[in-house]
Structures are given as C-alpha cells and as structure tokens.
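What follows is chain A paired twice: with chain B in the first complex and chain C in the second.
For the complex of A and B:
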C-alpha cells in the first residue's frame, strides 16, 4: 500500500523531487543513440577538481622545505597515511598497488562528497561503480595470474572439482557486490536528500539538512571509500597468497 | 618504550607523533566486513537466480531451482572466504599477545 503510493506522491510533488540521471546531449555512436548524462558532467567536474588539487600539491612539494609547513605538511600526511594503510592491509605486496588504491580512494571520496556542492554524485550511477569494480576485478585476476600463473584456474577446482561452479559464481559475485554496495549507499543518500529538499516545507530545510549532509555525504561517503579500498586490498592479497 | 605507552597499545591505542591515539583501524575494518557479508550473500543468490530465469525463458527448461541452490552455496562460499581472512588475522594477533 505504502509502496504503491510512493511513486504517486513523487509525481504529485511535480518537479521538486529530482534524483535521476538526466540525458543532456544526444550523440550518434556507431549507429547507436547515446547520451552525455549528468554523471559524465559531474565526473568531469570531479576530475578537474582532482587535477587542480594535484597541480597545487605538486607546486608545493616542488618548493618544499626540510621542515614541512601548510599544504606540504598536509600532502605528506596524506601520502604517509595512505602508505601505512596499504602496507598494513597488504603486507609485503603493498608497493605496486599503493598508487591504484590512492587513486580510487581520492576519486571515490571526492565523488561521494560532491553532493555537498549540489552535484549529483557520479557514484550514484551504477555505470560508474560497476566500471570501478570491474577495474578492480581485472586487477585482482591479473595480479593473481602474474604470481601463480595457471594455478589461478586450477584453484577454482579446489578443494573438490565438483565445487567449480560455486567457486566461479563466487569470483563473478565479487565485482557485483562491490559495485552494488557503493552504488546503493550513495544512491540512498542522494534520494534521501532529494526527498528532504523536495517534499518538506521551508522551515524543515533550515539547519537540519546540514546534519543529513554530514551523515549521508561525509560519513557514509568516507566509510564507503574506505570499504571499497579495503575490499580491493583484501581480495588482491587473498588471491596472491592463495 | 614508556610504560604508559605499552599499556595504551595493549588497550587498542597507538602512538603517533608523540600523541597516544585510539586505533580505529580494526573497528572500521570490522564495520566494513559486517556490511559486506550481507551483500556478498545477496549478489550471488540474485546472480544465479537471474541466470536460471534467463536460461528457463530462453530454452524452456526448469533450471531455476538448481541455480538458486547454486547461488546460495556460492554465497556461503563467498562469506566463508571473506570471514576466513579476518579470523586468521585475529588468531595471529592473539598468538602475538600470548
């Protein structure tokens, strides 16, 4: 009953509630109609933002001093914390992966928190999270193949050959579960904020949304970033040590 | 090492730049594990269910139930392999302390 009423309630509120991905510019691509969507635009904004941050950090590091101060101090703290985090989770395998983990953490965190600036987070689109999880999946399989060669495939038949289908399902469920949890959490936050801003009277929009943004964008965004990186590290290490 | 620092480390704190700080790492790791367990089980069950349904529709078979069971078993395997690592970590920490 409640569920059946929900779309009607949304429809009744007119254009106030809006959390969907919108197609902005139509394009013809190999005979197919594709769209530049809000996700592409927000991803581009996030990328430009990261690029500016990176250039700023680079400039500060280039003229860095022995005694770090200000931005240099912050950047060094960030890099050292990241190094320690990856080393703590991956042990002796940490070195080749620290750059990748750092990259996805920065991208996912800034994407998740972009809701604070009025953007629709790119991670609230399943296309983005699935792509991220697929990159991780390929990395997991590639690094495992690099270290244990054909044993990666033989391991699918362990401990008993009859368990092969179960092991195979387990492998393919990994990117799906990683992408779905990130998407679900961020999408939930986006919907909640859209409902709050769209359906409630004006006085409810003063002050209270600050706490909601703090929880949905900052806290949830940071936790999901950490979890995604943590799971990536766990799966890579597990496969390499198997 | 200072005696107070040794006691703090045993109580789940760590020293950083002269400060004794609460070590939140294991707590957040456990939090991430708890939330991942449910979704690991779900995705594998739903994945297999949809494969079963698709095959049934495509080839007019009755493979939905076997695929559903396969999904449940795959989910259990996924959860087990996720938990195993954390149990190993814990037992290693215990043996380090003992």
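For the complex of A and C:
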C-alpha cells in the first residue's frame, strides 16, 4: 500500500479524477519542505489577467470623453455600482473601504470564474482563502480600534465578564468561517466538475458541462464574491459602531 | 478474515466522511425556508425586490456555513487523512 507515504494534500487523487493541488517545484524554506504549487501558477495567471484589464481600463479613462461609450461606459458602470453597493451597506463610513472591497471583489470573482478557462481556481486552495480572510480580519480589528480605541477590548467582557472566552472565540471564528465558506463552495464546484469530466463516458461531456459550468463557476462564483464582500462590509460596520 | 489496520482506518474514514455530509440536511432546510420567506416578502412588497434578494442571499450564505464545515471534514477524511499518521 503506497497510500500511507503519499504526501498528503499534494497527492493526486487517483485514476482520471484529479482536483487536488499539485506541487511543482520543491523549495527549502528555513528547514521546511515547501512547494511552488499549481495554485501559485493560477494565481499568477489571474493577476496578469487583472493587470491587463486594469491597463485597458486606464487607457480608456485617460482618453475618456464627456459622453462615455464603449469600454469607458462599462468601467464607469462598474465603479458606480461598486460605490452604490458599498455606500448602501456601510452608510457614512464607506469612503476609506471602497477600494479594498473593489480589489477583493475583482480578485475573488476572476479567481472563481477561472474554472471556465480550464484553470483550477486559486480560491479552491485553503491557503488563498485563509489569506483573504485574515486580511479582512486585521482590517476589521484595526478599523474598530481606530474609532473606538480601548472599547474594543472592553466590549469583549460584555454583557458578563465570564463570557470573555466565548467572545474571544467568536472574534476568531470570523476569519475561519469566511475562509471556509469561500473555500468550501469553490472546492465543491471544482470536485463536481472533476467528477463529471473524469468518471462519465464521452457523450456526457458534450454540451451538458456548459450548464454545470454556468452554475458552479459563474453563478456560485458570483454569489460567493458578493457574500464575501457583504460580510466584510457588515463586520467592519458592526465593529466600528460597537 | 484478516483486515489490515490501514484498510480498517480507510473504511472507517469513508463511513465517517459519509456521516459528516449528513450536515447537508440543515443548510438545505434553512436555505429553502429563507427562499420561501423571501418569495413571500417579494409577493407582499414587489418594490423592494433588490433589497430582499440581497438580504436573502447573505442569510443563505451564512446558513450554508455549517454544511460546508461538514464538507470540509469529509474532504479531510478522504484526501488528507490525519488518522494515518497515528498508525
């Protein structure tokens, strides 16, 4: 049995069904064996894609006209929709956060939908989603500390001092649940697509996967992007007003 | 009949993964209830369709978390089994 010595999480899952992260290049890092994985490669591809889109939008805006048309129109529509969304759920303190929300929304959405182009979505790796959720967690705590100073810590002892451990766990459950939600959804879609492509005969792979891609990549990806951004905004606003 | 300890752990892990996914019942009921309430809210007040839909989706996504915990436990048992290290 070679199962016991397979490097866990980096192992291929067997036969034709393959949805795991593969290690590409081994590295030594402070005495630990770490890997450049397929996730790094797909993240790089997503980043380059976003960069190209941004440069395109910038060029259009630089030579923008009074009456927008074409790409400029689309970019303005995106920015205005984002502004309205953030303003609608954060109210008066929306301004400092709109850039962050926009950044994570673009990154998560393009990551989630990269399954359409045959990539393994970067957000189907727990490392990516945990990093995103930790950034959000730090932002939540920092903005709360900036507005209400030491009340952030005093609030942990309310309503009863004995509830302090539970409140503390509740704080740290936020990044955990946010990252697991995104990871679980995208991973579930990736597994479903891998099972469909890996286990079924050829005639089932014509046409039908289009609808599956539409649900698992486009619909689920857009919903999860929206949910991640909404939860980020809700948590930030809640903690600021506490 | 002899069963090796690896095979025993593997089989029990597969059963455990199946049991973990029973967690999917809860989110299914919860999301369906939220969707039904959302539909009746739109029926009463069609003008607020946008707000109702976004609130409903947010609530459903939060309700989904417990089911996803079950999914993650199942995935860990199947593909990154921590029990093998103890053999």
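To be clear about the criterion, the second predicted complex is superposed on the first by the 227 of 242 C-alpha atoms of A that agree within 3 Å, B and C clash if a C-alpha of one lies under 4 Å from a C-alpha of the other, contacts with A are read in each partner's own complex, and residues count from 1 in each chain.
To be clear about the criterion, a contact is a pair of C-beta atoms (placed from the backbone, for glycine too) under 8 Å apart; a residue touches a chain by one contact, two chains touch by 3 or more.
The structure displayed is predicted, hence computed values, not measured ones.
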Contacts of A:177 with chain B and chain C, given as first, second, both or neither: both
Which of chain B and chain C A:188 touches, first, second, both or neither: second
Touching partner for A:227 - first (chain B), second (chain C), both, neither: both
Which superposed partner A:96 touches (first chain B, second chain C, both, neither): neither
Which superposed partner A:238 touches (first chain B, second chain C, both, neither): first
First (chain B), second (chain C), both or neither touched by A:23: neither
First, second, both or neither for A:166, with chain B first and chain C second: first
Chain A positions touched by chain B in one structure and by chain C in the second: 177, 180-181, 184, 223, 226-227, 230-231, 234
List of chain A residues in touch with chain B within their complex: 85, 88, 163, 165-167, 169-170, 172-174, 176-177, 180-181, 184, 223, 226-227, 230-231, 234, 238
Chain A-touching residues of chain C, taken from the complex the two chains share: 4, 6, 10, 54, 57-58, 61-62, 64-65, 68-69, 71-72, 75, 79-81, 84, 87
Touch list for chain A against partner chain C, complex: 1, 3-4, 8-9, 11, 13, 20, 177, 180-181, 183-185, 187-188, 223-224, 226-227, 230-231, 234
List of chain B residues in touch with chain A within their complex: 25, 28-29, 31-32, 35-36, 39-40, 42-44, 47-48, 70-71, 73-75, 77-78, 81-82, 85
